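Below, subunit A partners subunit B and then partners subunit C, in two separate complexes.
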Partner chain A sequence: MSAPHEDFFIGWTDRLPPRDRGFIARVALGFLLAMLLLAFGLARTMDDSGGGSGDWIAGEQTFRGTITGQPYALLHVAPDAAHPQGHAMMLAMVGKYPVVVPPEWEGRGLEVKGWLVRRGALEMVQTTAEPRLVELPAASRAVEKLGRWRITGEICDGQCYAGLMRPGTGIAHRACADFCLQGGVPPVFVATAPVAGSSFLLMGDPSGGPVSAAMYPFVGLRVRLDGEVERRGDMLVFRPDFSTAVLP
Partner chain B sequence: MAHAIILAAQVYGGVGGLVAAWFLLWRIERVDPMARGAYAFRPLLIPGLVLLWPLVLWRGLARPAEGREFRAAHARIWVGLSIVLPLLVLGSLALRQNGPIEAPPVRLSAP
Partner chain C sequence: MSIRYVPVGWSRTKLVYDAVLAAAVVAYLLIYMRLGPALQPAIIPPDGGALGMRAFGSCAFLLLSFVLCIGPLARLDRRFLPLLYNRRHFGVITCAVAAGHAWHVLGWYFAFSATPPFEGMLGADTSFGQLRGFPFIPFGIGALAIMLALAVTSHDFWLAFLTPPVWKRLHMAIYAAYGLAVLHLAMGALQSSTNPLLAMVVAASVAGVCGLHLLARSVAAAPPPGDWIDAGPASAIADGRGITLPLGGGMAAAVFRDGERLSAISAHCAHQNGPLGEGRVIDGCITCPWHGFQYRLTDGCAPAPFTERLATYNLRLSDGRVWLDRRANPPGTPVAPLELP
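What follows is the complex of A and B.
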């Protein structure tokens, strides 16, 4: 039989009463296990953040290609081993600003310097200096019309989705995407299933220019849109009519 | 609209500051007798008081609870939170926007 005082908690003894020790140990262990299970369960419910990332090791790089300005600045680089049909890269300035292409630059050679962010075949150059015109052989900028499509997906900003933010999609990223898009970063429509071989499409307005403000209420949400799709190099461009928008 | 929201937040925060000062300087010792003579912890309560000042005002003006009432209230809150918090976590997981659910694109018309 324990002495009576052993049933009391006495702060300065630095010891728990004997009858409480087992209980506290079981509660602490159970709590620890419950928290581990909760952490594991919550982590399992998270969506895959995707494989986007910046090519930070390569640092600032120089790219040369033919520039087009509509609906957003695209640099069409010459074919190489990885891109036998040529490759279209999105452009945006560091700091969430657009690269503005004057009409007289349209179709001319351009040299840009910046950081490359990449997610699969989607690439964006974050330019760090003013682009400059250079002499390059004329490159094909043919536009292939693919018809009118009904596509379900999400409107993301091309910068974060390509790798600056992870995941860069979803409701949690809505405010950031809105901020980037209002700054002028090219929007990308991420389809839930591939469209003509690609799951992401640069967005534009049916009139030919950048997307109108009608886009903003649907940013970061899963939305179904109807619109024309065209292929520019290896980049698909989606020009949705926002009056057809449906939030499934 | 944005200006109205900011103005409302400023007014709410201003009133919260006044309520926090009143509560910490004059009322806290009547609400919780254990706070008598204890001052160092009081600044730590300011953010919570500013945010929850309507509740503070309601509880601060009510008759102070003592002893068994405190313990009974804590027990009720403990039981309530043990139900509400898991419901909040699981509910938010169940109601959140899920990742892409495949919806194949449909070609409506050829070019």
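What follows is the complex of A and C.
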């Protein structure tokens, strides 16, 4: 019969029982292999996070256009070859802050400096300095009413969705989106199917101003909403009535 | 065993144990954050902050699952016992990785604002009145808070200060932490991901942890009625070893054989409630399989200078069978060993 010490592990003696050494070595190796395989498997099968990104190579850029403040700050830049209808860019300050447009700036020329983040046709300037008023030729700020729509999609914060964070969508990102939106970052509605040619719509309240707190329970979820849609330049604005909200 | 406190009583086996754990954690994080995305050029990966959250979070969950399996595995197969000896280090490392996950969340999702990150995390999503989109972050905060409390109190100082029964009860909260971690994943990452592997890993983890615990529990038999319990034939107890007799109410006695003498003491080690009945008689003392705490056969007292004492039990022999009186003697009561003919 073996001595008790030989096949019985006593931690403070700092000796593994000889006949258990091989077993423990195999367990340790199996644990290491399991962790490596799980890391590889989980990383290898992660979902595509979407095409949002910042134009970091271009660095800080300067943009000029006509400013409107409702429902959120939009910079309407002059038409060019890529944007024959003109182009509306969302604005937010670096961090989770809005660009506040005083009433006296409404419709005037503005110069902003900042970083450009882009996801498809959606562009946002993250301003790094106080905007300044500039003299620009009067630009059209025509609003085209597109009627009442029933749209299914997800409410996202425009900053993260546009590319500041990836994926910037979904339930896992919901609290971050809430935090951004509470800070004043413009919300966008990402539709499951294009609406009048666009898959995302800037959101606003039916009263004309920013979206109310009724939005928060639905952020990051797939939701169906009814509301008025209008076109401002190349930007669609969706003003949903949250009493119609349905979680499909 | 030691009667003085040191931050960590390092030994070679502990160093190897911790080195294997550290290697597993570092390799997991590097593969998840660097190699995995690089090998999948067809997709756009998450940004660095989100990748860090996922890597640290999934690593912490897997470590928590593994560490919870050690206890039942050691009950089912004694060869796993060396893994249990340093289990507290495993827990502390798991807590550190979970804290890394929280650090990534606070530093990415809840930064860049005048609102302090922790305040932002607590106040951003408060839709507690709905099932779809129910805030999942509080589950993670709860799990991490429990793990932090257990990591802080994992040292032997706290074990002595709180007393073993209280300490053990406190550290059973790790199961609550695991449940909260599962809810955190189920209500958060699993709702966002279309990747079935993550759901499969979580399901396998829950099945493994629950299954092993149920299996280990089924090994323990129900106690028979009456004050005297039949412990079986004396010949069935191997020299230097013991058997465990359940007494009901979560209590158990251990009957040990040392040569031709039998003695019985409580089967619950005074250190961490370790299963003494699975220990050995070494140097005339019953030695706990978990951390090597020792008790004299005759009175259940740890040898000087240690002060731990366990309840003893009376034994009698009848027709070659050993009988144990389930009415325990006060801890440290001397009982003459039962001499075998």
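In the analysis below, the second predicted complex is superposed on the first by the 201 of 248 C-alpha atoms of A that agree within 3 Å, B and C clash if a C-alpha of one lies under 4 Å from a C-alpha of the other, contacts with A are read in each partner's own complex, and residues count from 1 in each chain.
By definition in this document, contacts are C-beta pairs under 8 Å (C-beta built on N, C-alpha and C of every residue); 3 or more make two chains touch, one makes a residue touch a chain.
This is a predicted model, so every value here is computed, not measured.
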Exercise. Kindly classify A:Leu221 by the partners it touches after superposition: subunit B alone (first), subunit C alone (second), both, or neither?
Key: both
Practice problem: With the two complexes superposed on chain A, say which partner A:Gly107 touches: subunit B (first), subunit C (second), both, or neither. | Solution: neither
Quiz prompt | First, second, both or neither for A:Gly170, with subunit B first and subunit C second | solution = both
Quiz item: Can A:Leu36 be said to touch subunit B (first), subunit C (second), both, or neither?
Solution: second
Quiz item: Touch check for A:Trp12: first (subunit B), second (subunit C), both, or neither?
Solution: second
Quiz item: Hey, is it subunit B or subunit C that touches more of subunit A?
Solution: C
Practice problem: Tell me which partner A:Ala28 touches in the superposition: subunit B (first), subunit C (second), both or neither. | Solution: second
Quiz prompt | First, second, both or neither for A:Ala193, with subunit B first and subunit C second | solution = first
Quiz prompt | subunit B versus subunit C as contact partner of A:Asp20, first or second or both or neither | solution = second
Quiz item: Taking the superposition as given, does A:Gly147 touch the first partner, subunit B, the second, subunit C, both, or neither?
Solution: first
Quiz prompt | Overlap of the subunit B and subunit C footprints on subunit A, listed as residue numbers | solution = 42, 45, 47-48, 170-171, 221
Quiz item: Can you list the residues on subunit B that touch subunit A in the complex?
Solution: 89, 93, 96-111
Quiz item: Which residues of subunit A touch subunit B in the complex?
Solution: 42, 45, 47-48, 145-154, 170-171, 190-195, 221-222, 224, 226, 248
Quiz item: For subunit A, which residues count as touching subunit C in their complex?
Solution: 1, 4-5, 8-16, 20, 23-24, 27-28, 31-32, 35-36, 38-51, 94-97, 165-167, 170-176, 178-179, 182-183, 216-221, 247
Quiz item: In their shared complex, at which residues does subunit C touch subunit A?
Solution: 1-2, 9, 11-13, 20, 23-25, 27-29, 31-33, 35-37, 39-40, 42-47, 49-50, 54-55, 58-59, 62, 66, 79-83, 85-86, 108-110, 112-113, 115, 120-121, 124-125, 127, 129-130, 132-133, 135-137, 187-189, 191-195, 197-198, 201, 239-240, 279-282, 287, 289-292
